[in-house]
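Presented sequentially are two complexes of chain A, the first with chain B as partner and the second with chain C.
This part shows the complex of A and B:
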């Protein structure tokens, strides 16, 4: 029983950390229509910033400032925001698949820089010993993880409320207007390029936060944590959960990560031991199958976008 | 007489019944987190099957404390997040006390820091080679729960320094490839050679795949070195060596293991390399290795060629033996008993069901044992690392001949000397 609780806490931490990144992507894709295929890169920037700011100092590697956890979180968001600003300015003329290809390339570049810039990132060896803030506050892994879960829930909730408020504000309506028809919105005197850039930066800051939380939870960061598969996972979470719906984004993170991990548990318990090594392939098939079926049954995601009608208009049913 | 006989028969029956009944009654789970799909899938699947093979052989020998060992394999997909979750679920939901895995260091390390160490679970990897594990252990952050049966790269620079100083060279130039492998090795070499009484004239890094390395070679020739330690791969290594010799560099060459290649010898010309010396890993010459290879062939219809097969067999065996030696089977007890079953002054036991049976008897009699496995006799240092035997070689005409063999113990002793 304790084992189950302990595992659930662990599972929730990881899925909520993903969830925060999904919220960021939702702001970009769901509300603004920005095809960011470089999610892993921005999570990585947040993760390394956290590791450099809060980690222990090492010979021949920059950083190790041993700053408090909160400073690390803020720093991670700021640095990933700045990186997003730079990327956004360069790519502001690109839309749709062009932006996707460009951001994908940027994420791969970021990963390669992490791999090779030893002085900053420790290279292939990664950075070890990143402190977990709950280690001094509680005894035993379960209590520590439960405390960490509280931190992740609070930050997830703050991100959720912040993005909800943003998209409900007049500025948020502008995002949707740009997503739906850019020409129409510029004819109203809006500046789509600027607003897209703002949404891009805000979304990437959430991704940076997610990376920072991941690093302090795991205690280690290496370039292998930010391969393109991570971008794919975050996207799947958003699409399955329902893009342009923040509750859908969080639900998608829970469900997709649940499918991803529980399929392994199921396979290892069902498959006879002689062919266990083939279980990996079966797990991959199972994950793919469940996702495809979900999308076939609910193409707009589990909870899709809520229909929004101006409160000045008459009800649709009339 | 009759009474005695029947009593004997009864006790034999009871014994076989006893073990038979026990073996089916209880199970002990051993967790494995390996990349059986994803980019490492091909390698990982063979490693996973070999792990199962070791478990099967242990069960043939009667299992752990009469209980059947169940090998619970989970896939990491080569991804740290998936691996970490799989490990946590093995520990929390399956109740395993020991984990085998993972393959990539980038997956093993997150598992170690976020699952194994906090939950006090022993983790033994077959294949992770990163130096970060040693660093983490040195800082006391593994609490001793980390072991690996894969020899680290630590010995490479030690062997280079050993060969250089043994040949009486006093002033050595170093040219090394500018990758994490080359940089790490060269830096270690610099420290090691100082300990052995040699010295370095210049250290020059080179970038791969250039047409010419004249600039690097010229720089390395400054300071009149009496020898060159070259860390390179065959193609670039040949270019560098040719230019080095053409510009009047000494032919006292010490090279790393990647240059033990006919491509390199032919590209430079063997006759110019008669004073070259090198080192390489050696297969331990032990009956246990040969008998593992035989048993493996019988089971899988093919020789155990491929990374990690010998070392995962030993990882599993050592953990199961440590479980057998433990009172209660907990991660902490397994950790503490791993050294008791690989003790240098223990009774030697070998691989296979017969070996495990003997090991179990010895452990039951309260003896310490020394497991001599598929990779030879394992001896874990304080950081959970092992060493592999090494050999030294040179060229005699066109022939590559072995000039020396250093057993695991001798390599470990050399490194001990260099580290302290």
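This part shows the complex of A and C:
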């Protein structure tokens, strides 16, 4: 029983951490139509920033500032935001698949930098011993994880409310207008470049927060955590849950992470040991399959987009 | 007494490669008119609109609105300077309600800065209430009240024309450019549309209208500009246009 509870806590922590990144992607893709195929890169930037700011000092590697957890979170969001600002300015004329190709390339570059810039990132070995803030506050792994879950729920809720607030507003209405018809919205006086950049930066900051939480929970960061498969997982979570709906984004994170972990369990217990080594590939195929089936059968996701944008435009047919 | 023109177009030229779509167009419009821009298909009327509205950059020439240069500005800046346009083929935000299609328009809303939605929610809500009231008034004026809660994508062609009009009215511009407002609109709705344009004009709105419906043009537009092959062929009164041999030859033919 305890085993199941602690597994459930562990599962919820990870799915909510991913959920925060999905909320960020939803702001970019769901509400604004920005095809960010470099999600893993921005999660990675947040994770490494957290590791550098809060981790212990070590020889021949930058960082180890041992700063408090909260400073790490803020720092991760700020650095991801700055990186997104730089990427956003460079790619501000790119749309649709062109932006996807550019961001995908940037994420791969970020991963390769993490892999090779040993002084900053510890190279292939990554950075270890990142403190988990619950270690000093609770006794035993279950209590610590339960406390960490509380932290993740609180931060997830804050992210959810913060994003809900700005998308159900005149700002959110501009995002949607630009997504639907950029020429019409610019002819009506809205500046698409500025608004797209804002949505891109804010979304990447949520991804940075997600990466920071991930690394302080796992206690370890390595370049292998931010391969393109992570981007596709986050995308699948959004498509399954429902683009342009924040509740859908969180639901998608729970479902897809659930399928992912269960499939891992099934593969390790059912699949013959000779082909166990291909387990990861099987999981990747499964994610791709879910994505395709969902797009064919229910392209708007489990919870689709609402018609009304601004919460102030309520009582439509009064 | 001759006031300075509201819109002054001087030598505007737009080329696409070797092809000159708009060729040294020049005319002035005074405040308070309903000006008509007519001409055969391919004459360059919509290209001129696109150039005035900032969608295209003119290769030569200047455009002044109320004395301020607007040529070469990007569309959202042109709109902010007081020139709004509708599109020949309506461009609604199809997945938004009619109400929010109109509510999105006012410039410089406090809630358009995302942080104000966190830190000044009361102010945003207040402004949204005003925007909603104003949008509802305009929607009623345009006869769309019955469908204000519907997705804009579900409207008929004629209703979309009215929605385009509602959106530009919400921007409260100095001059409104209408690109074929009557195209695809049924006869009874067209009467409504003409009445609306006249009513708005009486309230002080200035219009520049591209239209192929000669009945509409001849009845409400003054002055009339005729374009053919990118050039201005005629500029003057409606009755003068009917008698001008070049206009008859290029466009009107044997109009009754």
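Heads up, the rule we're going with is that the second predicted complex is superposed on the first by the 276 of 318 C-alpha atoms of A that agree within 3 Å, B and C clash if a C-alpha of one lies under 4 Å from a C-alpha of the other, contacts with A are read in each partner's own complex, and residues count from 1 in each chain.
Operating definition for what follows: a residue touches a chain if its C-beta (ideal position, glycine included) is under 8 Å from a C-beta of that chain, and two chains touch if they have at least 3 such contacts.
Just so we're clear, the structure is a prediction, and the values are computed from it rather than from any experiment.
Engineer: Counting only touches as set out at the top, which of chain B and chain C does A:150 meet: first, second, both, neither?
Structural biologist: Once the two structures are laid over each other on A, A:150 reaches no partner at all.
Engineer: So in the superposed three-chain picture, is A:118 touching just chain B, just chain C, both, or none of them (first/second/both/neither)?
Structural biologist: After superposing on A, A:118 lies in contact with chain B but is clear of chain C.
Engineer: I'd like to know which partner A:186 touches here: chain B for first, chain C for second, both or neither.
Structural biologist: A:186 contacts chain C only, not chain B.
Engineer: When the two structures are overlaid on chain A, which partner does A:171 contact: first (chain B), second (chain C), both, or neither?
Structural biologist: Touch status of A:171: second partner only.
Engineer: Kindly classify A:292 by the partners it touches after superposition: chain B alone (first), chain C alone (second), both, or neither?
Structural biologist: Neither partner.
Engineer: In the three-chain superposition, say which chain, chain B or chain C, touches more residues of chain A.
Structural biologist: Of chain B and chain C, more residues of chain A lie in contact with B.
Engineer: Could you list, by residue number, the parts of chain A that touch chain B in their complex?
Structural biologist: Touch list, chain A to chain B: 3-4, 6-7, 10-11, 14, 118, 123-126, 128-129, 141, 144, 217-220, 222-225, 227, 229-230, 260-261, 264-265, 267-268, 273-274, 276-281, 283-284.
Engineer: In their shared complex, at which residues does chain A touch chain C?
Structural biologist: 162, 165-166, 169-171, 173-174, 176-177, 180-181, 183-192, 198, 202, 305, 307-310, 312-313, 316-317
Engineer: Residue numbers of chain C touching chain A in their complex, please.
Structural biologist: Residues 53-55, 74-76, 79-80, 84-85, 87, 91-97, 99-100, 103-105, 107, 109-114, 117-118, 121, 124-125, 127-129, 131-132, 148-149, 151, 167-168, 171.
Engineer: Once bound in the complex, which stretches of chain B touch chain A?
Structural biologist: The touching residues are 35-38, 41, 44-45, 48-49, 52, 70-75, 77, 79-82, 84-86, 88-89, 91-93, 95, 104-107, 109-110, 113-114, 118-119, 130-132, 135-136, 139, 141, 180, 183.
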